[in-house]
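Order of writing sets the chain letters: A, B, C and D. Residues in each chain are counted from 1.
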């Protein structure tokens, strides 16, 4: 019995979660705007993008890693490490003083990701425990590089990053990165291989896929995206701080999963992650705009996240 | 052709060829040339492609994505070209006569269709040497026929095929030469012409067997041990199913892939919910909404997919065999370990399971021996109703015979024995009556005298149904 | 019989059985190094002190071991510990007669949290990692509201004595409690049907269901157990801290996971057990203690700790090779 | 403004009782000002130790259009740009406790953290007669407060070479970490003559570790929380002595008052250094409140009613 090839059904089958989660995001935004007239102002929306940017980068990286069936808890530490390194290496006098700093930050990202990827693939260790250990290593190195917060940032670089192109520079970078990551994960052969690892690693291996290399690249890509977040924070904070990244790993995992990425691997879409990131960010923004008490914010946060996560359950039970 | 008992080393030697295992000694020569194969990649370069006994598809990818995994057509940006991918898939399907929905997720396919996908995946790689490790164990007869046609085409094109099967008729149907392995050693290689089943069996086990199916000594009596009335599921997969199983009979279920046979068994076993319908065991009303409830009420299912449903692959043979019947061997609240070891040893002996020892992980066993562990686990429950879904998948001739004898013994002891099999010869050979399903309904219940491959197929394809007697339907 | 390289088979069997023993060997090795570097390290009362410190982590890690064995994880542990700590101090208010009441409240809270975790994991099918993280956040909100951020109350003198340096001669009471709990847990994991079923579920949940294991109920109970043991750890911590602190539990998510994994339990579930975790908990305490004593700055200490953990798991918890 | 100002407290953590009491001081002062009609509304945010979230908290307050922000920063430098943005948007910003390093704000309010470290070190030097072996308990590595307090102490110890520093640990101002670190050090060093601690709850942990190990108590510096003061008072007769210069919880209220002054157009100095209240062996009894819990901080301007409510 061959069923007619029904493309519409397949679209829904593959993208229903992404659609649902964007709907959730939209409902959330509408509810907030009902209670706060400052929500849909250009200023607030720009701020949202600015605040979401680093989490977005880390979460997109985390999504790639999750697709392989892995996890990277060290991304936050990589954010910190690249942030302090970037500040330390910046020459604020020279007009091109930011170039070596940027290059170094990206290189550090590659090295950190490479270390994670190598230990995980060649050492055949569980990603969660490897990255738990490398987290403390990277945090230690960050503290070593900059024992107390400070440093100064190249002002031209900073101006451009935050205010460039009418203040739309971060938005443009976000869109480009999202499209790139989505292309990698959904349209490239590499993306297929990434997912096939998450689906069934042994099967992927017997199909001839270079499992170790695919993994290594995934961790490097994720770390480079984390480095991007670190660089961006350098500009936004106009300084470095060895503790700036510590919440990003967990928030990134939450965002990815809220956005429909399966922690077991293979399933997920970077677009969904975008929605997840904005849900996480808007919860904070909304609690501030609504003036919620500091203590209750934890309850709202947890509650809304669990509600968003229940969406996939409702979908699955059909 | 490669033949041999379970655990003879067939899969192992071929996995060496495919680059999954490494040989410690010995050479591989392909077309007279010595090749070094240490990874699946090298094996592919050497023109070897293998369909593994245990499927290697990625559930979360679609049929076409799986078929072209690692050989994706790319456009000029280096991205996967979906259009070409679809075209190539459809072209390949047409060429090999295997038609599946290219865009469906593999996880939604029944085992047989997964198997066909796997075969297609190997064929599109255009290999010179194609290794098929028990490709037919999950296939029904028409699919097997289709596969044979493909194989014949390929051999006529000069490709070499290595084929493993425990269904001897298949060996003779398409093989040219057969190599028999036993305990990891080469017994002999012979042309199949001039060899008969008996001869092959002798090569495999060193003695002859009295036929493939055991003789029935018991005629079923009229006492009903298990009844199903009007079973209907909400998803429409089952529609008003009714039947009785009599004491001493083996009751068969047959039908084409996807017509609800597995659904019927899982529903009875409490793994799927049903809407309406009643069941009773030896006159007592029976209902189970979970598998553990079904098992405690004496209904056991031997599932079709041993890898995902049957076994905890990383656990030992002992833990696997004992897991369902733990409560039968307790000392207070603790497990009686000596009793457990004794029980597992008995199971190993009874089913002649070949395992290094009872504490080795079950994934180190050969496919057929794994299947026996699943059987042993369920037999330990002494169930009142036992449901077999493709129970002899991958089991060698000798073990099959032993298993059939066991089945008859169970039936004789008053257990309701129900078996779903896509191997029609097996259905005809073993069952006293067979229920044929079509689109979730009972299209007919045939008795032993009515059973032929042809009639079963007619009912299975919906051409005949119980109101239009099989004989004169056209 | 032709020979093949079976990197995984017998070797991995061996490894599996041995990895738990391996932890103990390595622990002894580490202790000897510590003794060499800092004479007096193995002095009786210092060892007793280490055991006492380990016992809190050890008790909290019982729950984490169960959660990881079943193929899940519990990240609500940190906040459950703090909440339990807050409740216990407040209910006890420094009086022995309230100790039992405090214990009951704390266990009740743990059980309730476990139920919520389990509901989300089982019925909403939310991954345990995220569900327990989210519930942890909510618990944090609850105890902040409950305490206004300013906890009060004190440990009962008896509890202080139990968790104190030494109760009966040299060994602290809490160490004895921990030992008893450990033995019970190991027995449950190794020779009761419940334990067996947990391992089976951790390896293959679907096959376990097909085998007639009440998977739903067992997963449910495991998350309850996990939160209950965390709550118990929080309760005993009041005996250690004297009063409650809002960040007393904050490190325990990471340290319990590390103790479990260093102890040779597979993070993917189904393999290992509390025997290893017991040593893992001691190992984590020794590492921390030793790095404090050798007096390197925080940055260096973190780097060293990370590398040591990596080295430990590299020794015995490596996965299978693809081409075994 | 006629109907009163809108003000916000941007806070980065509510993770311990010092911070909870600090928020309460702000709220008490804000309520008082509200009753007087000076302010119309106040908001409190908490970024939960997250620097980036605190940055967006400030942005959200700018969006809300508040007139003044008092801020205690998760990072002194990282918050500077957004504080400058707020100032540019016409908001009066006052930073306190962990202050922001920028001149584009109305003022910073707080104690002199280096002085804190110096007072503790001076006490220890004097108590030991300029000679002895000590250990150091620091706060959270990488924070400005930690660095400044240690700097202050280091300058003193540099002049006293006979004070030997045996070991240093970062115990994050945390009781349990302080106690565990002290236990490790006690077993490693047979002789410890004094403990220089940055305060928080660590000193209390150190005292308990000494008692648990059965070692005689030695002079230790601390900070004014009731638990530590209780241990001090209870062990006075065993010869224990201490000192507790303190970062009072009412810096938040002080910062708010400075912000209101600025809003009213009054001149305010750019660096408001509060008088350091120090708990000393002489005055310790007047600070100690036996019936308040250990987590209570003794340097407060809250009245008993509010305190009772906070610690209910």
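Just so we're on the same page, contacts are C-beta pairs under 8 Å (C-beta built on N, C-alpha and C of every residue); 3 or more make two chains touch, one makes a residue touch a chain.
Treat the numbers as computed from the prediction; the structure is a model and nothing was measured.
Peer 1: Which chains does chain C share as contact partners with chain D?
Peer 2: A
Peer 1: Out of every possible chain pairing, which has the most C-beta contacts?
Peer 2: A-C
Peer 1: Measure off the straight-line distance from the CA centroid of chain B to the CA centroid of chain D, and report it in whole Å.
Peer 2: Going by mean C-alpha positions, chain B sits 71 Å from chain D.
Peer 1: How many angstrom between the C-alpha centroids of chain B and chain A?
Peer 2: 44
Peer 1: Could you give the separation in Å between the centres of chain A and chain D, each centre being the mean of its C-alpha atoms?
Peer 2: Roughly 34 Å separates the two chain centres.
Peer 1: Could you say which residues in chain D touch two or more other chains, in rising order?
Peer 2: 14, 23, 141
Peer 1: Please output the residue numbers of chain A that touch at least 2 other chains, ranges allowed.
Peer 2: 143, 147, 202, 205, 294-295, 297-298 - these are the residues of chain A that touch more than one other chain.
Peer 1: Residues of chain C that contact two or more other chains, please.
Peer 2: Within chain C, residues 144, 148-149, 298-299, 322-323 contact more than one other chain.
Peer 1: Pairwise, which chains touch?
Peer 2: All touching pairs, sorted by chain label, are A-B, A-C, A-D, B-C, C-D.
Peer 1: Show me the residue ranges of chain B that touch chain A in the complex, using the header's touch definition.
Peer 2: Interface residues on the chain B side: 18, 20, 39-41, 43-44, 50, 52, 55-62, 65, 69-70, 72, 74, 78-80, 82, 99-105, 121, 256-258.
Peer 1: Can you name the residues of chain C that touch chain A in the complex?
Peer 2: 120, 123-127, 129-131, 133-138, 140-142, 144-145, 148-149, 254, 257-258, 261, 266-268, 298-307, 309-310, 313-314, 317-323
Peer 1: Using the touch definition from the top, list the residues of chain A that touch chain C in their complex.
Peer 2: 119, 123-126, 128-130, 132-137, 139-141, 143-144, 147, 201-202, 205, 211, 250, 253-254, 257-258, 262-264, 294-303, 305-306, 309-310, 312-313, 316
Peer 1: In the complex, go through chain C and note every residue touching chain B.
Peer 2: 1-6, 9-10, 12-13, 187, 191-193, 196-197, 199-200, 203-204, 206-214, 216, 270-271, 322-324
Peer 1: Can you list the chain B residues touching chain C in their complex?
Peer 2: Contacts found on chain B: 9, 12-13, 16, 19-26, 38-39, 183-185, 269, 271, 290-292, 294-296, 300-301, 303, 308-315, 319, 322-324, 326-327, 330, 333-335, 337, 356, 359-361, 364, 377, 381.
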